[in-house]
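Could you have a look at this structure, given as structure tokens, before my questions?
By written order: A, B, C and D. Residues from 1 in each chain.
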Amino acid sequence: MKKIINNPESVVEEMLEGIVNAHPEYVKRLEGFNVLVRADAPVKGKVALVSGGGSGHEPSHGGYVGKGMLDAAVAGEVFTSPTPDQVFEAIKAVDGGSGVLLVIKNYTGDVMNFEMAAEMAEMEGIKVDSVIVNDDVAVENSTYTTGRRGIAGTVFVHKIAGAAADKGLELKEVKRIAEKVINNVRTMGMSLTPCTVPAAGKPSFELAEDEMEVGLGIHGEPGTHRDKIKTADEITEHLLEKIFNDIEVNEKDEVAVMVNGLGGTPLMELYIVNRKVKDILQEKGIKVYKTFVGNFMTSLEMAGCSVSILKLDDELKELLSAKADTIAFKQFEE
Amino acid sequence: MKKIINNPESVVEEMLEGIVNAHPEYVKRLEGFNVLVRADAPVKGKVALVSGGGSGHEPSHGGYVGKGMLDAAVAGEVFTSPTPDQVFEAIKAVDGGSGVLLVIKNYTGDVMNFEMAAEMAEMEGIKVDSVIVNDDVAVENSTYTTGRRGIAGTVFVHKIAGAAADKGLELKEVKRIAEKVINNVRTMGMSLTPCTVPAAGKPSFELAEDEMEVGLGIHGEPGTHRDKIKTADEITEHLLEKIFNDIEVNEKDEVAVMVNGLGGTPLMELYIVNRKVKDILQEKGIKVYKTFVGNFMTSLEMAGCSVSILKLDDELKELLSAKADTIAFKQFEE
Amino acid sequence: MIKIIDNIATTIHENKEYLTELDAKIGDSDHGINMDKGFKMVQEKLHAVKDKDCGTILKTVAMTLVSTVGGASGPLYGTAFLKAASVVSDKKEINKDDIVKMFEEAIMGIKMRGKANKGDKTMLDALIPAYEELKKSIENNETIIEAFDKGQKAAYEGVEYTKKIAAKKGRASYLGERSIGHQDPGATSSYLMLKAIYDTLKEAK
Amino acid sequence: MIKIIDNIATTIHENKEYLTELDAKIGDSDHGINMDKGFKMVQEKLHAVKDKDCGTILKTVAMTLVSTVGGASGPLYGTAFLKAASVVSDKKEINKDDIVKMFEEAIMGIKMRGKANKGDKTMLDALIPAYEELKKSIENNETIIEAFDKGQKAAYEGVEYTKKIAAKKGRASYLGERSIGHQDPGATSSYLMLKAIYDTLKEAK
């Protein structure tokens, strides 16, 4: 295991200290908890957004705390959901009187821990609601299973619901908009290498020099299949094919694109993927409204990428273009 | 070689297409050249900043094209300086009548190719001047050698000189400020893994499972020495020690910090490094004015990091805090 | 009460590796580690509440599990203990009816929290049969010890049954059919807890 | 003139691997590749200017090298040819004095561009001795062929000398003392070019 760390047990603690040291103008930490909240929290009168999950997906979610996105991010151990008491503290710290929306990635542990926190908060009279992001088309969706996982598409939920809250919309409205994003975003990923959870000390799986894993989760869960490494264009075609099998996007529709790196893949390769994404969308007559390329939802040092497509309407477009000023996602108003 | 690419020969071309596809609101490409210029270039009356160098350091330099930083970035082949004709086109395209400043990283090839371009531009009556960044303390500086290399500190030059140009300062002043940054910034790096130039197909060097290379350049040049992997705290101590051996920073001085990832290292580790940087600076009574943590000047997928320290005065502080709106570096005014 | 919980904690600790190995097959190999972490903390906290009413004690167990176990089983077992606590708040003694009611509430809590059902290859496949047997036994006026004996035996059968079915809930569900043939770790820890209760009661007699 | 340049290109092509191997030892193993890429393009462009004056021809060579070779040697050789071109602009014939002047200007150009000097382990360690011998020979009224023969021999000695010294300029300078024992690739390509000129002149006689 080659990592720049001190002690596998303390990576989350030390990372959080490093984040707060670096960006005190954006975030402060709730003393005694693995929770980062906006430096100016609570914002009176604004619906607050809380997200989080296991660590190891940086900049998710602490990097999105700030104006126009999250009010708090709760950090669990690496790839492990945070416990409800942590989430509960986050909710209490950011509630500005207009209620709190939890943005949860769809994993059994995350869902249950966040929902328990919501109940605790409600018992204290805080208005809490939640949405569950499930954009990963690699997993089949069915009401009889745990359903699709939440991956990079979550960042679109943070951005757009965050903008809605920033506009002063009420909790019900912010939730409606978050769910609209969830219903319209799909993601599919692949990786070239595994990653190593510091406490485990060894890679989550093994891949031969000429192999790639397709459709895997962001915790190194096994994907849909293993394949010989293909060209960037072929990989991109496959990812988009899976996405378009799951969601109908028609000619003249407008979309936002996110080409997300899993942590160990250089930007150069992500842009090469984006070139092909654009080509394919252009062929289909789909209009790209905005493109995001970078490391948004990572799996430690895993090499690989995911592509997300978000179908837009006027409301989503306006909110996606709104100002955001967080550690890792900044955008000027247009 | 595990990469998401189509053809090793066309990575730069396809990457540039991917960048322009993704960010047409920021950059356009000079037809037939590997040059990205501001979408609104040339900006009349403003001193223009041009930088560039070999590719493989993304988001350097194309990611810094935009308001408050660069007017153009010239992309050579991977780890190879661009030729003067390319740089010359960039200069012509962005000159807004107030002259052009070239920001060159100190490598023999880069320096000579950019200077030839400057001469070509002067022959056409364009006012051109240049600065040479040499922040890498791993290499000994001496007038009898090629001198220190230019690495991550270059991004501070882009930011601060870019802000000076944005303020409407004249070429001489912008150059003076760029040189002030260069005189006050030092960087030291280390890596855990090599990187692979796509056209070469194999890693630039080999490192055992328990080894790290200290003081290496951003093209996989050999470092000052090879060592057993140490803890993050020990590594950080060593990097800062080398920096402070080279530049005097006293109690009460204010600095900006950049903890830069080389491409394959997760943010988590960079923040763990930053935690220790802050501790050391605090012990010395040095005040941290601003901290930047992320992948700013990379070496393809190399795992590792560098730390840069920039000594500030009031002028540099003001310019560092100024608004910047580029693809990869965005900052709201404070 | 304190004695029972203490014994549960000891049992879980003794089976830490075993539970983790089961989770390695179809999950993320942390079930034993997480459960042990939780019950160790429970043991530490028990001291402070040992003279309190049953509701307070169980609530302490619940909140401790919730805030230390994490993953799926933390909130599930936490909810179960919390719901059971609500039946006996302020009570220092527990009667037979309380036991049935506590059990019932605990299962409803788990169902509510995890949205799973019998046959989904979860802890419910141990707990529901155990509850049914225990209830029947008590309705037939058998002793509490007899009731828990029947309960733990039914839980054991339930654990065996989980080997035959595919997971529909939790992390194992990503494996689909490939989860068949493996025993569910959560069902196993549920069985172990019931066994620990039965053993404690029998010993105390 | 065209013939000479064509032969230089051929020589470089034949030594592509050799020059690259030398660069692998103390540089980044691209010198032969880059030079060959440049001179191939020169050969393609020569056609269009073959009836033009020497200045135009040399300027074409210079600009082609500059825009295709890259790295350190691209601008250096480009500058050298450009400076040489300035001596013979508009001329269709070159005399002995022109040759000395062209050579002198080329070396000054390289020095100006690369800020290196004799003894820094660069192409100058081949070119400066060559220039000095050639100049002496011409001042002594020897033939152009004789002058180039002495020049290329001095260049060869210069290449040998680079093995003995440490690099102070260019990429090899990061190696410091560790560069001793290796022959400089740029000095070698300079020698090969002079040799090609001499061979062409001798053959044409």
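What we mean here is this: a residue touches a chain if its C-beta (ideal position, glycine included) is under 8 Å from a C-beta of that chain, and two chains touch if they have at least 3 such contacts.
On a predicted model such as this, the values are computed, not experimentally measured, just so you know.
Following the contact convention of this document, no chain is adjacent to both chain B and chain D.
Rounded to a whole number, the gap between the C-alpha centres of chain C and chain D is 84 angstrom.
Centroids of chain B and chain C (each the mean of its C-alpha atoms) stand 57 Å apart.
Each chain gets a centre from the mean of its Cα atoms; for chain A and chain B, those two points are 29 Å apart.
By the contact rule set out at the top, the touching chain pairs are A-B, A-C, B-D. Residues 2-7, 11, 14-19, 21-23, 25, 55-56, 58-59, 63, 192-193, 209, 212, 229, 231-233, 235, 257, 259, 263-275, 278, 288, 291-295, 298, 300-301, 303-305, 325, 328, 330-332, 334 of chain A touch chain B in their complex.
Remark: chain D residues 28, 30, 63, 66-72, 74-76, 78-79, 113-114, 168-171, 173-175 touch chain B in the complex. Per the touch definition, chain A reaches chain C in the complex via residues 76-77, 79-86, 107-109, 112-113, 115-116, 139, 144-146, 217, 219, 221-222.
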